[in-house]
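In the part that follows, the structures are each spelled out as structure tokens.
The following pair of complexes shares a single chain, subunit A, combined with subunit B in the former and subunit C in the latter.
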Partner chain A sequence: MNGKVAKEDLDSRIFDTLNIILLTICTVIIVVPLWNVIISSFSSGKALAEGGFIFWSPEFSLENYRAVFNDSSIWQAFFISVSKTTIGVVTHVFFCAMVGYGLSKKYIRGRKLYVAMGVITMFFSGGMIPTYLLIKSLGLLNSFWVYIIPALFSFYDVVILMNFFRNVPDSLEESAKIDGAGDWHIFLKIFIPLSMPAMATIALFNGVGQWNDFMTTKLYITDQSLYPLQMMLYEIIVQSQTQSMQNIGGSAVIETTTKGVQLATIVITTLPIVLIYPVLQRYFISGMMLGAVKE
Partner chain B sequence: MKEFIIDYRRQWEIQSMIIPGIIFMIIFCYIPIYGLTIAFKNYTVIDTLSSAPWVGLENFRIIMSDKYFWDAVVNTLGISFLKLGIGFVIPIILAIMIYELHSGRFKKFVQTISYLPHFLSWIVLGGMLITWFSTTGLFNQLLLSLGIISQPQNILLDAGKYWWIATLSDIWKEAGWGTILYLAIMSKIDPTYYEAAKIDGASRLRQIWNITLPNMKSIISLNLILTVSGLLGSNLDQTLVLMNSQNRDKAEVINSYVYRMGMSQGDFSYATAVGLGVSIVSVILLVTANKITSKLNDNQSVL
Partner chain C sequence: MFKMNTAAGKKGVKLCAALLTAVLMITGCSGGSGGSSEGNWVSIEDRYTVDPEKPAWQLDKKEEATDLTWYVNADWWNTDFGKDIVTKKIKEDLNINIKFITGDDTKLNTFFAGGDMPDLLTVFDSNSPVVQKAATWAMPLNDLAEKYDPYFNKVAAADTLNWFQLADGKTYGYPNYSNTQEDYDSGNIPAKTAFIIRKDVYEALGSPVIGTPEQFQSVMKQIKEKFPTLIPFGFNAIGEGTGSLGDTLQDFIGVPLETENGEFYDRNLDEDYLTWLKTLNTVYRDGNISDDSFADDGTAFEEKVKSGKYATMLLDGTPQQGGNLQIYLSANEGKEYVAIDGPQSTKGNAPTLNQSGITGWMINFISKDCKDPAKAMQIFTYLLSEEGQTLMNYGIEGETYQTKADGTVELLPAVKDMQLHNADKFKKDYRMGEFMFFGHDRHKALSADAFPEAIKQMQEWGKGKLKPHFILENISPDQGTPEARALSAINTKWNSTLVSMVRAKDDASFDNALAVYKSFLGENRWDDIVKVRSEKMKQNKEKLGIQ
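Then we have the complex of A and B:
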């Protein structure tokens, strides 16, 4: 009996050790490339041209960041990214909460039809071209509002909020109604404050989506003053790729300068997400669970 | 009818919250669905949606004989099946490994790190990949120092390797994030199962095989259904940023083809027809996958 237990202990310990080793390798595979990008962005053009470093740059310098920040278009793009994300998130969450609150009431007229209409939108869509034609005929091409208005609503988020509102005890609403409060009053003063966790989760996911989105710009925006950071970065990447292909064996100087600018822009574009990430991490899991329930 | 109107009047306040949502759906979802009719028309820039002449299935007939379309189909399927074959199991294995960790701090650390790449956009990751794969970059440096290659080369310019780049970069980005749902499900497994198995002398791998995996069966099937239904919708952002003139033949997927035909070449009807065909096939895949997995799950439909 003792021998058996000891053997199991040993098996178990081998399992644990292997497990820790493998997971350490996994984290290294994620961390090292990211670290490499960061130190590369702080490397001088000479160091970038020579390459050959993994963990530590032979020559640190701020020239890449100086070049990026001296370009006024990055500030413009940063401003567009921040404003489209904040305005987009606030309007999206409010709009979805409003519709979700209305649909959470079982007694309303036409509810079945409304929900059926919503469910259909979850499975069918017109796709890229018909949507483009619609946006064009609405006059939203090359307008800041193309970032906000088409992104106002998502039936997934409505369903999540609807389920959340349904769990709020009826008695709260009834007592408010007796005091003469209308639906809007109850929604704004009682339900919204109570649903902050659910709304924060949706805001987080929607915010990351807005910040990272570049297809909207690629499809509907040609005016460079409306480019967000992601689109600027995309342009730099495409540019440097064509350049490096023309330059095979040619001038290495231009290539490394664009490479440095590209790296610095990557870091700047990602920084806001990395900064809020640890703060909001605890919402991810509850958010994923909310997402799972709806399915 | 009268009763209906009276009810609406009485509920005007709450209806006023819903109606904007309905109007939104009609404009931004249903009008584009109606717009799909241009797949059966010959739409040119001077036409409006209704004035364009009907051409029936003509666009679909052209698609069938379009070599570039079939190239895109082959690439989409190739990349999707690689993603399905490798990318579907890795999150499951990773989740089990994280679940089996006892040390709370290391567990948290691994989770934090592995979720992180999910929050990088494809543009950012594309830029990073281009840096890593450049001749002076991280990837070549590692292979050189390990003696695997003797000459640095940029594998992003090597069309033959593109499918693998697309697949592995996608897994690098999303595998950690994919573990969240599995971990949440595993945390709900009754610990007494494991205790009982331990007393019976079951090894750790046995416990995983006989307790952990069966408990995740339904969520795994659900994920599988959703993945299969998305087989034809290979990532557009990823393709747009990683595709270049050297690897185009292997990189073009259906979505990027629709983008190129529609947005760059202005062939709206043709591009819409391709998109419509793809969504019809996707729905068929969804229904089939649901049928098959429900058979496997004792006739209980997961969807």
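Then we have the complex of A and C:
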């Protein structure tokens, strides 16, 4: 009897040890390159050009960041990025939730037709040029709203929300109706609070998408005051790559290298999203729990 | 109820699909109809009367400033206008405001599809349909010059205009860095290719000759022995091309440009060249070419140049690497790279180094939608004139440069100092040498400041070794033809074959890679491609007046 317990104990200890070793290896594999990117972004051009360090840079410098932040328009771009992401996410989630709520009701007329219409758009898109023409005739070229309006609706997200809403028991809705609640009230006060995990997931996906998107800007925006951070940084990177080509004399001092500027850019663009993730993470955990105890 | 709904749903899906198709077709058709078909020939009656002896920008009395949009098909183009000394002067002299828009081919396509074209357009690929079909969307420069600014013909190179003539006998685009035979003959365009070696290495080895394959192999061995930390031989990053091991090496050892009867010659299979590839293979097998050299991208290569990792290099584009070579030189005085004769033809051919050809680089157009083509034409003339060229390269006399007694120009000390020590500010405040829509190498010959010290010896070495490759320009099959598709497959195949040959483990795998490539040619319309190329070479010769 005792021997059996001891054996199980040993087994689980071996299991735990192996687990810890494996996870440590995984963590190191993930963390070391990240650390190297951060450390390299704070290195002087000379140190970077010579290379050969992993954990600690022989020569610290803020020049890479200075090169990126040198442009005063970067703050304007930051403002555009933040506003397009926040406005975009809030409107997108709300709009999709509204549609998803409607489509989750079995008594809606023509529900299958709407779903079929949505599914078709998931498989076939108009293509770049027709979309450009559409955006143009809607008068959205060079307008801030080109970031928001075309991004309002995603059928994929609607399907996720629709399925989530379906899991809410019908009886809940019925009892609310008996108590005198209208559709808006039920949607806003019952369904939305109950579906926070799904909302948070979609908000995060959409937020990361909005934050990283620069194709919209490349295609539809020529006014520099509407450039988001990503587009700005994209330009900084391409310009730093071609700098050597354009310099007629060539400076004798290396303050920044292309690689340094790129790394600083990566850190700057990734940081806000990395910081937001832990805030939203609790919803994912509760989301998983919610799934686990489903009837 | 349920049944009814499905029926309605099915019908709905069909209806929807039909509607979608219709919408797609309509939008598809309406695309591409951009631009007026005639061009906007504004009247200049109340502004000025043209004078062939005087540039129109000096005559134009138009009072209000002209706003023009200029699309540049390159994301890296600096879109500022009117802030730095060069563009501020252009803005004042011509009374214009230019709004630059940048983008890539995607954006260019949306312009053509969307129908509102910018006033001026700059593209890069002279083989692209945009350039080939310029007659449909751009205004002819010949007519523009005649109507608005005959002085243009004085500043534009006749050979270049001729070269860009389309089937209707008119020229629509004008490039920068277009070098004519005359430019080559003048000796004002410096070579951009060199075999370079670190001075300390060269001296330590007793300045050996590296001309024959045997000498090359043995010198690389010696370098490895004496300088074990260095990579004996390096070359430009390969990426999707051939780095400097393709045409550059062929030019270096003087592989002929055409067959004896003036037809297309497959330089990749030249015997002399293959001998050298075999030599590179033996050097590789000796461990004297690093495997990294095949994987490095441009940035990684540049960083190796900056830190002097290679003992020798076959370098294409010395001016592009000028900044990096200068950085290395400044930090390692006495160890700088110098150009030497390097690998030579085993058949006694002289080097036939290439420089930018007559096709140039960026090609500028005035679109049919241009609001004021007269003004746009004045910009072309202005930037092409001596005045514009000097402004673009050296700024304003007295403010940024001075002219010396011998006619050459020199940057003022404060400006020079900023160029050397604060490149970012220099770029922002002066932007000299960067606003290069109509840039040309001959104006760089005006000043000792135009190129960094580090590459001057290399340019000196290259004197007399340049030979125009005009006949080989734009001879690829037209885009969209089966030949063009086959050629792109062949080029990719050749690039990978070249790498496999240099990296071959033994003679058998070297020969095998080559044999596979040769049979690949046979399977991919090579004969047709050669025919197209020979035909295009013939047309080139006609345009250039070569027999």
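The working rule: the second predicted complex is superposed on the first by the 207 of 295 C-alpha atoms of A that agree within 3 Å, B and C clash if a C-alpha of one lies under 4 Å from a C-alpha of the other, contacts with A are read in each partner's own complex, and residues count from 1 in each chain.
Simple rule for what comes next: a residue touches a chain if its C-beta (ideal position, glycine included) is under 8 Å from a C-beta of that chain, and two chains touch if they have at least 3 such contacts.
Bear in mind the structure is a predicted one, so any value in this text is a computation, not a measurement.
By the touch criterion defined above, A:K259 lies against subunit B and subunit C together after alignment on the C-alpha atoms of chain A. When the two complexes are overlaid on their common chain A, residue A:P130 makes contact with subunit B and with subunit C alike.
The wider contact with subunit A, measured as residues touched, comes from B rather than the other of subunit B and subunit C.
In the superposed model, A:L48 lies in contact with both subunit B and subunit C. When the two structures are aligned on the shared chain, A:K218 is found in touch with subunit B and with subunit C. In the superposition on chain A, A:Q239 contacts subunit C only, with no contact to subunit B. Touch criterion met: A:M117 reaches subunit B and subunit C at once. Contacts of A:I108 after superposition: subunit B is touched, whereas subunit C is not reached.
In the superposition on chain A, A:F95 contacts subunit B only, with no contact to subunit C. Shared contact residues on subunit A (touching subunit B in one structure, subunit C in the other): 48-51, 109-110, 117, 120, 124, 126-130, 132-134, 218-219, 234, 241-242, 244-245, 259. Residue ranges of subunit B in contact with subunit A, taken from their complex: 4, 7-8, 11, 13-18, 20-22, 24-25, 27-36, 38, 49, 94, 97-98, 100-102, 106, 109-110, 112-117, 119-124, 126-128, 130-132, 134-138, 140-142, 157, 172, 176, 180-181, 184, 198, 201, 203-205, 219, 222, 236-237, 240-241, 244-246, 258-259, 262-263, 268, 271-272, 275-276, 279, 283.
Within the complex formed with subunit B, the residues of subunit A that make contact are 4, 8, 11-12, 15-16, 19-20, 22-23, 26-27, 29-34, 36-37, 40, 48-54, 95, 98-99, 101-103, 105, 108-110, 114, 117-118, 120-121, 123-134, 138, 150, 152-153, 155, 158, 182-184, 187, 208, 211-215, 218-219, 230-231, 233-234, 236-237, 240-242, 244-245, 259, 262-263, 265-266, 269-270, 273-274, 277-278, 281, 284-285, 288-289, 292, 295. Residue ranges on subunit A touching subunit C, taken from their complex, read 48-51, 67, 70, 109-113, 116-117, 120, 124, 126-130, 132-134, 136, 218-219, 222, 224, 234-235, 238-239, 241-255, 257-259.
Contact residues of subunit C toward subunit A in the complex are 5-6, 8-9, 12-13, 16-17, 20, 23-24, 27-28, 30-31, 75-76, 78-79, 99, 101-104, 106-107, 109-110, 113-114, 298-299, 302-303, 306-307, 320-327, 330, 393, 416, 419-424, 426-427, 432-434, 436, 444, 449-452, 454.
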